[in-house]
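Labels for the chains are A, B, C and D, by order of writing; each one numbers its residues from 1.
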Amino acid sequence: MGFGLWLWAFGFEFTVALVTDTQEQTVKISARDFSFSYGTQTALRRINLDIRPHEIFTIIGPARSGKTTFLRCLNRMNDAIPNVRYEGQVLLDGADLFGKGVDVSELRRRLGMVFAMPVALPKSIFNNLALGPRMRGIRGKRRLSALVEESLKAAYLWDEVKDRLHESARNLSGGQQQRLCLARAMALEPEVLLLDEPCSGLDPISTRKIEEALVELKSRYTIILVTNVTAQAARVGDRTAFFLMGEMIECGATEKLFTRPDDPRTSDYITGKFG
Amino acid sequence: MNLTRDRVVSPILFAIASFSITALFVIGVFIFVEGLPVMLRVGVWKFIGSSEWLPLEGKFGILAMIVGSITVAVGTLVVAVPLGVGCAVYLSEFASKRAVAIIKPSIELLFAIPSVVYGFIGVLFIVPFMREHFGGDGHGFNIVTASFVLGIMVLPVIVGISVDALQAVPKVYRDGSLALGATQWQTTTMVTLKAARSGILAGVILGMANAIGETMAVIMVVGNAVVMPNSPLDSVRTLTGNIALEMGYATGDHRQALFATGVVLLVMIMMLNTLTRYVTRKRVARQ
Amino acid sequence: MTRVHPKTKEFIAKMALRGIAAVVILTLVSIVGYVIVKGVAVIDLKFLFGQPRSMGREGGVFPFIVSSIYITVISLAVSIPLGLGSAIYLTEYRAEGWATKVIRFGIDCLAGIPSIVLGLFGFSFFVKFLHLSWSLLSGGLTVSLMILPFIIRSSEEAIRAVPQSYREVAFAAGGTKWQSVTRVVLPCALPGVMTGIILAIGKCVGETASVIFTAGTSLRTPQSVFDSGRTLAIHFYLLVRETGASDMAYGSAATLLIAILSVNFTAYYLMRRFLRRVS
Amino acid sequence: MKARWHRLLMVVLSLTAVGLGLSGCGKRPSQGRTLRIVGSTSVFPFAELLAEAYRDVRPDIVVDVQAGGSTVGVVSAKDGICDIGTSSRELRPEEKEGLTRIEIARDGIAVIVHPGNTIDELTSDQVRDIYAGKITHWRQVGGADADIAMVTREEGSGTRGAFEEIVMGKTRISPRALVQDSNGSIREAVATSPNAIGYVSVALVNAKVKALAVDGEAPTEEHLESGAYKVMRPFLFLVKGAPEGETQKFIDFVLSADGQKVLKAEGLLSPSKQ
């Protein structure tokens, strides 16, 4: 317990340092010649891009273009796959993600992730949200409750579930579950949100709710959104990258990319010639 | 902190997981060290190839018991497979979901009935029945009796595993067959049973291993005579029975011969196990 | 050859199968029912908590109940940590490879060892080599070897059934492997793990062949794990062998069956309630 | 949910703790307070009764009786695993070394058949021929029209050893004989099969079976005492070295009038005068 407290205190100081840092920086995440392969298959080839703080950065591209892989590289979720190989660098606040001595747990806490399919653990709503903070060693009931409430509010879910926090999260509808996942990611108090096609299984209304939430959240987080709905990227993205066959074809302001793409493949994709 | 803990956990878990191997090794060493010398002294072929068992005169031949174990196991399957697989097919293909939800766990509960209770029921009902209606050399204590007792005993195992195997067959297979105009029975025999074949076979082999390994229930009903059986109505002794019967009084070579019986039993079970692995691996490969 | 109409065939087959299922269920149920009905008349407080007299032909079965509990507790205390640990290692900590193959092979072999051979081993290892003599400790350890593979397998299956996405959630939330196991995977696998453990309890309580060589047959109430004791199952076996189908034999068997079945029923009931609550 | 999981963990831990605690409190002096008797399954019931009776005399002493077999009794006594080993057969010469042999009783071996059997008497030659497999039909000895089901004890048993020595001589018991592993189970097998023949300790003969006269002498107490009924063996206590302390006191009790009364009541004979 004492150790946990100490750690918490340490983490706190760390966050303060980061806040001062981010105010000056213009690049939050930056990939330099980043390649990724597992086995003999190359999934990503020489990716170069910069993601700025407090923007919604969307990644579009057809299936198997490497966009999800890229996202999962950012919080090193691909580590579990056998025989993976990274080349080049990805910098988070200037520090290499794959450098020596990186605490993967801490990294994943800083980059909260939401998966394509909403995964509500068979626990109560409260415990779903408290999972991450508890694993960081936060035990205090008051602090946990505050975190849970705050994240649920940020995900526009609080009003719908505040009376049944201790009921099973599996009883929520699909859209609610996905917002629960979003809230669960935010309960980690991350700096970046990684969203992997978060609306792929949802109806238009739920989708809109999530999109609204994202725009609202921009001020607090850097958001990276992978989507296969180009319209979604157009709606919410500040800047957009187009991935194809493991390569980044084009990256730029969303409006520009959608109206005057540099690369013919990009225009083919967004006009629906393939995809 | 978390990472260090994770680094400590892994080797600890590895040590725990290796326990089974270690235990197996120690068991093997203890059984073989006690059993092998007498086996080698008598000669392995003589030990497993002769059926003269006169331990006090130094004659150790366990062929009759090997045959006894195998015949009882085969008899068990003859009783248990039609009943068990039939019951499983009924449960998974024809019975209502609600009935299955009640019956399947109940049958699995029966897995917990001590084998001695089955033996007791055998002595009480099946032995007198066999004696009065069939007679024979075993006077009711015979292979058929033992097969019935063990057959009933392994039913829960076979039913449980077969139902699992049948239920694991994807619904689309059945739908495909039914869509072609096949009746439910045709679908079952031609599609479902074929697809679940190896799973059911694994259950049957496991049942057989249980039958070969069972001791007390068998001692109670099989008569334990050390002879080559000429008919299913003869009494036999099984390998397990031999150990349990004589262990209390055995000393010196006699005792070692009982450990050697254990060695033979172990080898037989390992062979069955390898067979199971082969069967299940083929299933995995196909899928 | 006359061709039977498929519909007729279907009808016959269905009837035959229904018959078979009925036979199987009736046989098993009637065995349990017969023993319990015959034995329940003997069971009263004096029987359950009394001391046996004249070789257990009269009196109670209290010492045997105590011994059975000892054996069960000892073997579970050993095999649950080992079994769960092994299952976790095999599913979570080690990718399929030679190591898992070797360990699995060992577990399969261990599972295949007939209990009588384990009894031989227990006798020469625990009783003689470790000088534990005939004691509940020797018996419990021997039985734990018997149920260990069983617990590993059922736990492994239960853990495998937990969706991969649950683990990813734990990792994405900054969890380490161990945290994902203890906080997400194990709680979800708990019902399956418990089922295995419950069935294992049945095996502990009902085991005779190996226990008779390791725990002994003493009629006294054991005072510690170093004492010899006779389990209910062994007592029943010896009674039947020595005195035939006596009232006491029925009483012991009924006690045994009722104990096992009620443990199982309670556990199933709790598990169902638990499952309904979380999903 | 999480609380539940922790509760399970608690249960597991407390189980372990209970186990450890139990093993902790098990470390109490075993010498002097517990007498461990191991051996013959034939002696086992009687030793158990003696232990029960001794509880009234010395409530502070725990007498723990194990059935293992005569040979186990001999070996355990020699190894010092137990305080007293028991045997239901005479010791072989190589077994005698280092052991004190105390005869606590003698036991006749009765040849028994189903109560419905018309035969009342056999000669010892007939019994031998039946067990050798030469006589296979009850009519051959003047009985009913049925095959004989012979039931015997397993190889190494004290009862079987005594039976072979006294009745069979050099002839072997046929391997076709059904084998049961205790006196009681032979009796039960014979009691439930109309055509069976078996042999058990005289003390275990009850109304469920009929004891045959052998060579004209029924196995009654009188004939046994006089030596007219010949099929008899000793029950032995075996102690490593010389008995002392509580062991000696228990043996004294067994040989005393009180102890012998218990054995007599069960149909055993007092030890032969040495």
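Here, a contact is a pair of C-beta atoms (placed from the backbone, for glycine too) under 8 Å apart; a residue touches a chain by one contact, two chains touch by 3 or more.
Because the structure is predicted, anything quoted here is derived from the model rather than measured.
Colleague: Taking the mean of each chain's Cα atoms, which chain ends up nearest the overall Cα mean?
Modeller: Measuring from the global C-alpha mean, the nearest chain centre belongs to C.
Colleague: Can you name the chain that lies farthest from chain D, using the mean of each chain's Cα atoms as its centre?
Modeller: In terms of C-alpha centroids, the chain at the greatest distance from chain D is A.
Colleague: Which interface, named by its two chains, has the most contact pairs?
Modeller: Chains joined by the most C-beta contact pairs: B-C.
Colleague: Between chain A and chain D, what is the gap in Å from one C-alpha centre to the other?
Modeller: 78
Colleague: Between chain A and chain B, tell me the centre distance in angstrom, where each centre is the average of that chain's C-alpha atoms.
Modeller: 54
Colleague: Using Cα averages as centroids, what's the distance between chain B and chain D in whole Å?
Modeller: 33
Colleague: Using mean CA coordinates as chain centres, what's the gap between chain B and chain C in Å?
Modeller: Roughly 17 Å, centre to centre.
Colleague: Would you pick out the residues of chain C that each touch at least 2 other chains?
Modeller: 81, 176, 179, 183, 187, 240-241, 278
Colleague: Scan chain D for residues touching two or more other chains and write them down.
Modeller: 1-2, 67, 180-181, 188, 192
Colleague: Mark out which residues of chain B touch at least two other chains, giving numbers and ranges.
Modeller: 2-3, 123, 244, 247
Colleague: Show which residues of chain B lie in contact with chain C when the two form their complex.
Modeller: On the chain B side, the touching residues are 2-3, 5-6, 9-10, 12-14, 16-21, 23-24, 26-27, 30-31, 34, 82-84, 86-87, 89-91, 94-95, 103, 105-121, 123-124, 152, 155-156, 159, 183-186, 188, 209, 212-216, 220, 240, 243-244, 247, 258-259, 262, 265-266, 269-270, 272-273, 276-277.
Colleague: Would you mind writing out the residues of chain C in touch with chain B in their complex?
Modeller: 6-7, 9-10, 13-14, 16-18, 20-21, 23-25, 27-29, 31-32, 34-35, 81-82, 85-86, 88-90, 93-94, 102-103, 105-110, 112-121, 123-125, 129, 145, 148-149, 152, 176-179, 199, 201-203, 205-209, 212-213, 233, 236-237, 240-241, 245, 249, 253, 256-257, 260-261, 264-265, 268
Colleague: Note which residues of chain C are touching chain A in the complex, please.
Modeller: For chain C paired with chain A, touching residues are 95, 163, 165-166, 168-176, 179, 183-184, 187-188, 277-279.
Colleague: Please give the residue numbers of chain C that touch chain D in the complex, ascending.
Modeller: For this pair, the touching residues of chain C are 53-55, 70, 73-74, 76-78, 80-81, 127-128, 133-134, 137, 182-183, 186-187, 190, 216-220, 223-228, 240-244, 274, 278.
Colleague: Once bound in the complex, which stretches of chain B touch chain D?
Modeller: 53-56, 64, 123, 127-128, 131, 135, 137-141, 219, 223-227, 235, 237, 244-251, 254
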